[in-house]
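Paired with chain B in one complex and with chain C in the other, chain A is shared by the two complexes that follow.
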Partner chain A sequence: MTDAALPRRQPFALRFPSVMIFLAILALFTVGVTILSEGFGIGVISTSFIKTLGKTLCLCLVALAMDLVWGYCGILSLGHMAFFGLGGYAIGMWLMYARTEIIVLESLAAAPLPPTPQEVSDGIATQIFGVVGSSEFPPIWAFAHSLPLQLAAVVIVPGLLALVFGWLAFRSRVTGVYLSILTQAMTLALSLHLFQNDSGLRGNNGLSGLQNLPGLDDVPQATVSLWFFWASALALGLGYVLCAWIVSGKFGSVIRAIRDDEARVRFLGYPVEAFKLVIFTLTAVIAGIAGALYYPQAGIINPAEIAPIASIYLAVWVAIGGRGRLYGAVIGAAFVSLVSTWFTGGQAPDINLGVYTISWVDWWTVLLGLSFVAVTLYAPKGIGGLIDLITERKSPNRHGASLGPDQGSLREQEAEK
Partner chain B sequence: MLRFAATLLACLTLSLPASSQQADAPIQQLLQSQSDLIVESSRRTIGPAIDALANSGLPAAQVVLDKWQLREMWVNTETGLFVYAEEVDRDTLRIFDFADGSLIGDVPDEGFEQLKPNSGIRGLIGTALVQFQLSDPDPDTRQRALDAIERGAEESHLAALRASLPTETDPQILARKQRLERLLTIAYGATEAERIEAIQSFDGDLGVDVRAALNPLLAVRVEAAEALPSDDDIGRVLEPGSDTLSRDDAYALLVAADLAKPRISVEDQRNALIANIADGQVAGIQVATLNSQDARDMAYAALAEQGTVTAVATEAEVDQRLANHVFFERYVGAPPEVVFAAKAALNAIENKVAINQMFDLSLDALSLASIYFLAAIGLAITFGVMGVINMAHGEFIMMGAYTGYVVQLFIPDYTLSILVAIPLAFAVTFGAGVAMERLVIRWLYHRPLETLLATFGISIALQQIAKNIFGTQARPLTAPGWLDGSLVINDIVSISYIRIAIFVLALLFLALFLFVMNRTRLGLEVRAVTQNPRMAASMGINPDKINMLTFGFGSGIAGIAGVAIGLYAKVTSEMGSDYIVQSFMTVVVGGVGNIWGTLLGATMVGFLQKGIEWFNPSNTLAAQTYMILFIILFIQFRPKGIIALKGRAAEA
Partner chain C sequence: MSTLLEVSGVSVSFDGFKAINNLSFQIAERELRAVIGPNGAGKTTFMDIITGKTKPDEGRVIYGDKSVSLLKMSESKIAQAGVGRKFQRPTVFEDQSVFDNLMMALKKTRGPLAVLFFKPSAEDNHKVADLAEQIGLSGALHRKSGELSHGQKQWLEIGMLLAQEPRLLLVDEPAAGMTPAEREHTTDILREAAKTRAVVVVEHDMEFVRRLNCKVTVLHEGSVLAEGSLDHVTKNEQVIEVYLGR
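Right, the complex of A and B next:
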């Protein structure tokens, strides 16, 4: 078959209507929440719930990254929340530094002599690190004064870690469950390191007060939370388009092929390791960005956030939502994290069994674990699989190929006439 | 007049008059001569009084010190005579004479004042009493006296100790006395030769007391001079800015010795500048411009030129002064010859200590390795042999530990309860493992990543269930009494019995594993099913049954490991997750599918962790971090572990 016989390549949006539908729903959702919000609308939704929704959007973004690396490339990374946390730490360092700097400058302004740079720096360091018994800036805070540099760190630090780790792991052909355990070990090592007081990031105190933007004390949280909500929605939209674009082209075909049969792709001459490394690093960067948007809304970050369990929950979301389809990851993350908030927040009604009252605060994790087993066993497609029930009613587009195996069978175009 | 009336009153009211006390006995005279010091006692001034008593040679002196220390010495406020007394009731005293211990009689306590020495004075009295107690007929008293000397030795003890040596009959106490005598000779020996001989007699002795006796001899004082003196007692030469002597300290030394101008701290400089602000200016410099350290230095120098403040050294002067002087340590603890002998002895001891510490560390590492091995051996079966990733393995360990805890609730005897708990833990986790294999893992044999996730779901569910049942606080799993304590080899090397028990248990498990896998029908069938399930099935083996039993066996071993780990660590719902990553690491590092690999992996991980902890003892978190990093790197170079399977088995 020659190229001329192929139908003209349709625009990206038409080939993947799901992207357009997703963006439309996201836009609608954003506008709807804005109208109902306290900051700009009629005030039906509380500010704390706006924050929850904004955080959920960030979790959807990191789930998207997880889906790309696991659902499409077959690398079950149990360490992507480490990249998420690193992004949060990177932005948190600037937020904390800048806010403390303002406070210290204010308090030093009353002194009879104008402060020297050393005095300002000492004052900030004492404020930030007093809690871990130190009054000096560790070297990793060298760029904390600069927003652009820390924003760059949001991308560079997780990206670099993923690049080095991925390069080491992929070049020695560590695959499958071994790779999963190795990534889990990485995130465990990172969280143990950060738990130390002399790690330079305040040990298990973590970074706090991140919800207060420096210099914007006059702006109410209701407004700030909406800004972050919009930013999260924008990031999720852009991330979705980026991921959809990546998986749509030839690159996407190769990574899917790697997922299905790595050895065969290697024998076909593709540099499998390079493809995996690109995907691993790219998803780490996306996770870092998601983290940088998440933690200013959460207000606090500490090493417990990057414990291995967090990354496993990430895998749980993607699996429940349906891996191997982008909207599945988003649905899974949104559904599980919101339901989880509902159950653990004590809002779910307890069930009285007469002899024992099931309190959902205690039993929700059990339900989640068991439903996770059930999904893995009985519904490997996850929630996203429900959408197949609708789309599969329509016959698939065969791009004009014949409808049957016989020479004389109708071609698609003929049948449509 | 008043005194006469009081005496008269006393005579009238008492059956036996106080006048029968021997006021002229030597001990009473001695007490009277020190009366002021004793009554107005304070820790700083009491020394001569105690010394006078202790060195008087009077037999009654010991009684005095004894009663004084016990707060039973009273002084007659009228006559100033000292007695000892016991309180008969609230108002009445039964008083005794110090001179011969004879009863004087019962008197009302108004005329007497109790001497209440504070704890500092009691300590001094105790030290003085030691010399009497050293020859006491009661061995316990002698032992206590030796304890007192060990706690706080004094020069006077040496003579007392030596005097008591010939009369000592108990060989054990004699050995202790002789050792103490040599230790005291090191510190207080009269001649250098005597001290050096005592030092050399301790060559290679690992006792902490020897090091404690030798270290003060090496005390140094850092001094500075323009040129290095050629005295004998000069130790090493120090470089300013090194770890042992910082630049600031070195310069402070020069300032203290009046060899250099003082420096000023940033704080003091700022205060001086603030004190001299006039019309928004300091020495003609605008205050607003003083926002850098250089500007402040300049302003201060300007002030110094005006004579308002004292001039201070600039950085250049500091450097020059430091360069012009030499800094050295001078031994002040003992004469040079003694110091050199002590140094040689300490070096020898420290070498020996280092070797012993290495040995002790190895024992620690070995016991950590056996814990990792115990935690990992079940995994070596389910993951290593069957290739099933079981993330709930840690929860099986936890179930085993909680089984032990519950058994102890019902059986109070610890030995019996452990004996019951071990098979019960095996049974419980075997059942749980079989159930899990039947319900979940069976359907996922060809999808390892899904197995990982599904078993993880079970893991979080089990963890939360345990939390709901047992709460979040740690539960005790108490070891039997005969496992308490530790095997002490010397002052440095010791290992607790519980660790030895865990080590033995690990060896037992290894033997059990080897026996089951290599010597039983089950083991043969397991190996057959692992290598080729279809071929095994056609030979009449039921692979489903074998898989189920193997998984149950691995889980059961995890349960027993849980009991052992529970004895050593805390039992919480999260204890499983503490071990799961390390367990997988152990199996992966060792090489999947080979029990010897797991053994090597556990040994390596255990030794590595202890080794890293040795470099940085205060920080176990860092040790774990570096260990994981090391393992990640190790897997780069040996992706299949220490012992890699070869041939067909490797492909399965």
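Right, the complex of A and C next:
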């Protein structure tokens, strides 16, 4: 046996050219958009479209997380948008608090006596919670005054929820469709809870005005939108490299093995539950970060954002893009969410059939549903599968092909086809 | 030679059907043992119990120098304690290369963090290369294992077992679907493996068992019918009746 047959340890970038290609495209895209923007460039792209693009990058990031947990590890979580929303709420609390604090301080500045901290706090609370008929801070706002603490909450809250949920679910070996249902129940319960006025997060009003950065009122939105766009692009790039690193090594081997035959992995001695928990929690954290970048661009977050359907859409994006490959998730999220914006934004021309007019605002979901079914049935590799046509990547996709031992030789013929 | 594994008085029933009935079995360190028995005798279930896949209704399974009970341990803990298993149907990870399959099986720390930061050393790469040579897959290291023939998959799985460096190896019908030449190679691998560890082989094929040239345990309806050399058990009236005389 010569060493020649062994894989050479090349630098990461060379072993995974797709990562470099992705980063190059992302960088070009970011520079291009900046040049065409209103804030820093020639003003071809409107600020609201910059925000749409920035939000799309965040959706790509959460789709990466979804691909890691579902496409690579085989856990069909239908609750990851809950983590995304929690990240948004965590940063939204600080944005709202800090901005309201400035307003309250300004209005109290005119008073003859300097305001006491209690007066300031009461003033902020009345401003924020007036809509839900309260004027006191709920306990979960204890850290809202501190940016570092709320930033920590962006990763800790989704991470902790995923850790506890995952620990309970994986420990009792809940898998497959039962796990999917459980995750749906989790996101439904969370959204119902947040809908209540006494949840402490302003019920169905949600948190708003998030596009305004506290103390930076003089900076135009055209500029702020680009800051967030850049931050989103950076986060997506880093997230992509992280995910690529995770799936490239032995860890990636093990989680793909768990996806394909979890029982067998146990007999190799790997603690399957621990691996699932790590992936579930890590992807929840990534989702939280994506959400924290998304909602300041959206400007508002409310409990409807974490309704069960949101997480189902996420799975649909990844399926359409092609699960089990990172760029597939990115393509799926970008493509479907942009097309969806186009259709639901009323830009798509309606089709007049004489007796009935197909209005895309209503029919888009039907079209999306049909595409999902079509992709699942006829093109399980998704849009990303098209890349295989270029690179001629072949995979022996014969999972569960259980030809008995006697016909074993058949498999060889099959493989040589 | 000291006892490595002791199974005593174990019973399992599935929906009232007793698949294993008061079974007792012992194997010493570095012993090679063949287990034979008609279809449905409970051979696979017996392995399921040892490896923690099935929990018995009663009985004890004691393993190792420290005489630990395997019944309270999870599948992965049992595997880490040194029990390796090859399944009846070859189960390799078809989507991954032969190299990745072997590297995954190589004896290393199994925790998620250790795995995340794992980098194969030159020595690890050599071990994998040597194993591939032993199982005749040197030329196929970078092929997806799904492309291998049935017999090659069986070998890959045996290779993965050897990579785990288990103290007790349980092999369920390793020669199924192999050509005569492949079978011979498989017997050699198993006999070689039994020089450094205990090996239990379940097999239907008498010729294969004869070549293994070891003590034989006959299972029938979930309990041991006879035990001894192959010649000894094949002379046993009951064995002839239930198994050989079919």
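Assorted remarks:
Here, the second predicted complex is superposed on the first by the 386 of 417 C-alpha atoms of A that agree within 3 Å, B and C clash if a C-alpha of one lies under 4 Å from a C-alpha of the other, contacts with A are read in each partner's own complex, and residues count from 1 in each chain.
Operating definition for what follows: a contact is a pair of C-beta atoms (placed from the backbone, for glycine too) under 8 Å apart; a residue touches a chain by one contact, two chains touch by 3 or more.
All values reported here derive from a predicted model rather than from experimental measurement.
Applying the stated contact rule after C-alpha superposition, one finds that A:N352 touches neither chain B nor chain C. When the two complexes are overlaid on their common chain A, residue A:V278 makes contact with chain C while staying clear of chain B. In the superposition on chain A, A:R266 makes contact with chain C only, not with chain B. Looking at the shared chain after the overlay, A:V254 reaches chain C, while chain B stays out of its contact range.
In the superposition on chain A, no residue of chain A contacts both chain B and chain C.
Those residues of chain C that touch chain A in the complex are listed here as 51, 53, 74-76, 79-80, 84-85, 87, 89, 91, 93-96, 99-100, 103-105, 110-112, 115-116, 118-120, 125, 128-130, 132-133, 138-139, 141-142, 144, 146-151, 153, 160, 164, 173, 176-177.
Across the interface of their complex, chain C is touched by residues 1, 3, 5-7, 9, 246, 249-251, 253-254, 256-257, 260-261, 263-264, 266-272, 274-275, 278, 395-399, 402-406, 408-409, 411-412, 415 of chain A. Touching chain B in their complex are the following residues of chain A: 76, 112-118, 165, 168-169, 171-174, 176-178, 180-182, 184-186, 188-189, 192-193, 195-196, 198, 308-309, 312, 315-316, 319, 362-363, 365-366, 368-373, 376-377, 380. Across the complex, chain B meets chain A through its residues 266, 270, 273-274, 277, 287-293, 296, 389, 440, 443-444, 448-450, 452-454, 456-465, 467-468, 577, 581, 584-585, 588, 619, 621-622, 624-625, 628-629, 631-633, 635-637, 639.
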